[in-house]
Amino acid sequence: MTRTTDVPALDPTDPEGAIAAAAKRCSNWGRWGAEDVLGTLNFLTEDKRVEGARLVRRGVTFSLSQRFDADGPQKGWRRRTNPVHTMLDTGTDAERGVQGFPHGIGGADDVIAMPLQASTQWDGLGHIFDHGDAWNGRRAGDVVTSLGDAVTGIETVADRMAGRGVLLDVGRAIGEQFGTPGELPDGFAITPAHLEATIAAQGGTARVGRGDLLCVRTGQLTRARRSLAAGTGWGDYAGGPAPGLSFTTADWLHATEIAGVATDTWGFEVRPNEFDVAFQPLHQVAIPHIGLFLGELWDLDALAADCADDGVWEFSLTAAPLPVTGAVGAPVNPIAVK
Amino acid sequence: MTRTTDVPALDPTDPEGAIAAAAKRCSNWGRWGAEDVLGTLNFLTEDKRVEGARLVRRGVTFSLSQRFDADGPQKGWRRRTNPVHTMLDTGTDAERGVQGFPHGIGGADDVIAMPLQASTQWDGLGHIFDHGDAWNGRRAGDVVTSLGDAVTGIETVADRMAGRGVLLDVGRAIGEQFGTPGELPDGFAITPAHLEATIAAQGGTARVGRGDLLCVRTGQLTRARRSLAAGTGWGDYAGGPAPGLSFTTADWLHATEIAGVATDTWGFEVRPNEFDVAFQPLHQVAIPHIGLFLGELWDLDALAADCADDGVWEFSLTAAPLPVTGAVGAPVNPIAVK
Amino acid sequence: MTRTTDVPALDPTDPEGAIAAAAKRCSNWGRWGAEDVLGTLNFLTEDKRVEGARLVRRGVTFSLSQRFDADGPQKGWRRRTNPVHTMLDTGTDAERGVQGFPHGIGGADDVIAMPLQASTQWDGLGHIFDHGDAWNGRRAGDVVTSLGDAVTGIETVADRMAGRGVLLDVGRAIGEQFGTPGELPDGFAITPAHLEATIAAQGGTARVGRGDLLCVRTGQLTRARRSLAAGTGWGDYAGGPAPGLSFTTADWLHATEIAGVATDTWGFEVRPNEFDVAFQPLHQVAIPHIGLFLGELWDLDALAADCADDGVWEFSLTAAPLPVTGAVGAPVNPIAVK
Amino acid sequence: MTRTTDVPALDPTDPEGAIAAAAKRCSNWGRWGAEDVLGTLNFLTEDKRVEGARLVRRGVTFSLSQRFDADGPQKGWRRRTNPVHTMLDTGTDAERGVQGFPHGIGGADDVIAMPLQASTQWDGLGHIFDHGDAWNGRRAGDVVTSLGDAVTGIETVADRMAGRGVLLDVGRAIGEQFGTPGELPDGFAITPAHLEATIAAQGGTARVGRGDLLCVRTGQLTRARRSLAAGTGWGDYAGGPAPGLSFTTADWLHATEIAGVATDTWGFEVRPNEFDVAFQPLHQVAIPHIGLFLGELWDLDALAADCADDGVWEFSLTAAPLPVTGAVGAPVNPIAVK
């Protein structure tokens, strides 16, 4: 596998230089024309959807979504709160007969207020900029204003995310050697070598290539669930130390030509980030330069258990974002079928 | 086909009597045990998912979702407004360099406030009650309080809605004889006979049976789109006169043992309703008694055009509701693949 | 009275020129130092508050606020919707005993989602810019980002708006000669001469000067209320044709040295605006250049009736904006006491 | 002063009995007729407003409101979050020229989503019930449904809260003897004797009687501010241990015939509550039985400092709640003027 070679060693004192170099190596700007809004979803062709559908053998489904409610992990950073769900009408009102409808009908109805990235979500291509540049070389202010993303809003990809999914359970493959079976420790940077080792360990159904929707399980959510069950809450799950992809995977993400990649963590990439002073440097390459769709806060545990059971790491995956017009990210309930 | 027979003629002066009788004939209470929260989704078995996946031949996808934005059809009835999407961070801010992040990274982020049934959605089993009774015979006040639906919240079916979809384009099949090719007029009640005639006209791929996810196109959304294009707005699309299922389809919906049914209208059933004084009487039978999942505000136009082209009216359908804990309805971006 | 002279005639083809000229004549930039965030509220001194308090003779109060609810006039323009108020807990739940509290206590609680300028409000100094310039010569992007107004947020004036209020009931003073007693027609531009004529007609208690909080009643809200009572709704109250202050009052507003001014209309100034192609040109002078606080959607009817009765047009006015940090406008329940 | 006598000793094992007995002793049901929605605001007469206005001597104002923003104390209990303020339009957008308005005008606009009791607020009479009974003997379900409070919504008192304010700085009067000068410790129950001792210490301007708006400072907010300044956050300010009124003040609150009472704490009464198992038992007497308006989360520090300076503890107080239709509580920016 040549795709992991030729990545320079990371200089922790120079994120800006490393980002610029990676961006140059990995740029897909112009690859699909000046008007492109799909980025790597261009790799997800109709053939890939047929391939994905053919992976359905038992008809077993897995929702890869965490729930959307007030008990989620968000802590208010940059006003990212947990969803607030309230009722417009209730069963108690209906039962008491105060709703004023005829012939005994009663109803319940509800509303929600939430950040679009409060729980399981896709980052859209308008979510991250590099020095004011957005995907495909557009200026950030020409793309996303207070009115939303007028160019690459998530609605432009509403019908795209369906195809072959593949799960790399890195936590399971190498967690034990770093401390806990099935889980990577916080701060652990997953390198291309770790990804390739996981593929090798999982076998042929775990191959990763053009047009795939890749799921990477670190096991951090499993750990957070233990904490919740023990009554000690989410802790720093949202934004604190976490396992995740190393900055050095940028070239691998580019070379594999995957259509999208999702993890079971808040931030996709390892945290603390690998530079001395940095904030999500891999995002800065992956979204505006590669045009790659990133999924965060996915729940991969049940699917991973099933894959470990039957040894099949590929599946049909439909992960259709809620088409909020102009959104730079969107909630999603991804459905894997095996 | 015997399933359309034996339905009593409708007495417009007695909705309460008609509802009680239909509820008795069509009740599924207890069919899947006292603890059941899935209703007709019990019909959607793993076999049906395999069957659905096998319908993918070309890999062509269709999002059956309308957009979620402030330009939608809602008019504020019972506080059902259109979604309000606002930005937490923007590209203009990022480009101007006011965000305070290191190494040139910038970001955009957003929030939404919306009724869960503002746009394309599934009604959950806690959405409608009959004289204070909810699905499976529970009391409404034991199910849905101000804290949400503690029993049949939409999250309980997060992984269920994937299987065989089938489209009945009633607008196309019989619209012409009632005035406009491809569209049914407002106030038109679709009877079992109309459904069966559509199945017959569309041929074998349009058969409807146990575990199917049925889509019924009336054509009203097409008409609303013309109005929008002409600058005259949504008009009464949300809650006004509309084509839709007749109350007399209750037995058909029950007998077919479908898993769910969705239309391209606001209210699923014909409006004005067919009784002198009534409000959504078919809901009152379908949700609490049949345990049937109803989809509303779906966009079936592009899919219908494709089906008319290739003569294939069945497809793989994944319509995974956003798993808002305790929700009595949920937004969804349904994806059909052919 | 010399303060109404020397205002050039308005050229309807050149709003930009007229605005620039008026801005130059009326600018208060630097008047209270480079760091100022109070604008004309600098005129509202402690003496004025003592003066205001002394106007309380009978102890009669008037709330000058419209209500905040889903039945308001907003129509969604630039996402300005009516407030959506929902319950977190209800009396029906409490009465049914489902809340889980001890010793029979029950509670109701609620939330709101609303534009800050949905109903009765003050415009803050960060609300309007002139060619990217904000109050006191700051650049707009240095003042208001996605994080809010970091400089002149409404919380900076939380304790200021209390003093002498004075009502000019222009609708009552001159409405009859333009068609309807008590009301000015839509599109009617109130000039300095109209304001001075109203002062003269109302007598000594209607004098307007330094530090006053001026209320100008047009009567449009009275007309909207008749429409509501007749079942024909708010019509174009929010943003459509309306009586209001003429662009030519800019110099008068500046020369009088009032602390703030409010009207019973959506937009304060006359609509359609007086230039061929324009949008709220008086705002463009009043807020960023004069530093003047504008109130909109106030309800002056009951107060006006009382003033007409007793012939006293001045009163104690406390109009404390809700101190939302960083807000560019804020809801307010102004209280007049006579 | 006889009003502190005759209160039975509190039995910590029997909150329900104590509440029932206090409710019986203190009930104002029917005192102002069966239709009453004002409760103790009936005591706040026009004379009291004249009296309040006459207390303005220097024209100095104090906003008694905490700010409304994402950095507040709420922790999500029963979905009470901190306010989320987002922008509809920004200065960065305006400066960049992307707003599409003519003649160089630009604007900023904003929205808020928040619990009505997120920050400084008044509890309305529909906020608390006793065994399903609301103020004046109405059933809770007849008053507050999912549609809000149809009877005693806060809008019914929109114009009432203006009159004589009086501050009892209990923290200053007796804090030192319990540990910290100026502050009462968490869990400290303020009894009638403490209130009377404070009145005696403060002198004649601190007398409390019919129609007064009483402010009680515990000093807990001062302590929370120190914690914030030290970087250790709000801690348990919202709902945790706190000084506050003892359950045994119910009779005093009733006998004084005050119109309203506010504290600088989250919950008004002492926490933990004084019974073994209890939740806000004083609320259960004060709101539904006395009909008393309770203010919470007020900021009394600056006012208290001024009162300590000049020895005058009374002032003009205007505390006009935002008139959200049907609200059971409402945000307020109370303005004291001395």
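The first chain written gets the first letter, and so on, giving A, B, C and D; residue counts start at 1 in each chain.
Note that in this section a contact is a pair of C-beta atoms (placed from the backbone, for glycine too) under 8 Å apart; a residue touches a chain by one contact, two chains touch by 3 or more.
None of these values were measured; they are calculated from a predicted model.
A count of contacting C-beta pairs for A-C and for A-B identifies A-B as the more extensively joined pair. Chain B has its Cα centroid 28 Å from the Cα centroid of chain A.
Taking each chain's centre as the mean of its C-alpha atoms, chain A lies 46 Å from chain C.
Within chain B, residues 79, 84-90, 92-93, 95-96, 98, 111, 113, 141-142, 145-147 each touch two or more of the remaining chains. If the chains shown are joined wherever they touch, the resulting network links each chain directly to all the rest. The touching residues of chain A, counted against chain C in their complex, run 84, 86-88, 90, 92-93, 95-96, 98, 111, 113, 146.
Interface residues of chain C facing chain D in the complex, by the touch rule stated above, are 15-16, 19, 45-50, 52-54, 56-63, 65-69, 71, 78-80, 83, 85-92, 94-97, 101-117, 126-132, 134, 139-149, 155, 158-162, 275, 277-281, 283-284, 316, 318, 320-329, 331-335, 337.
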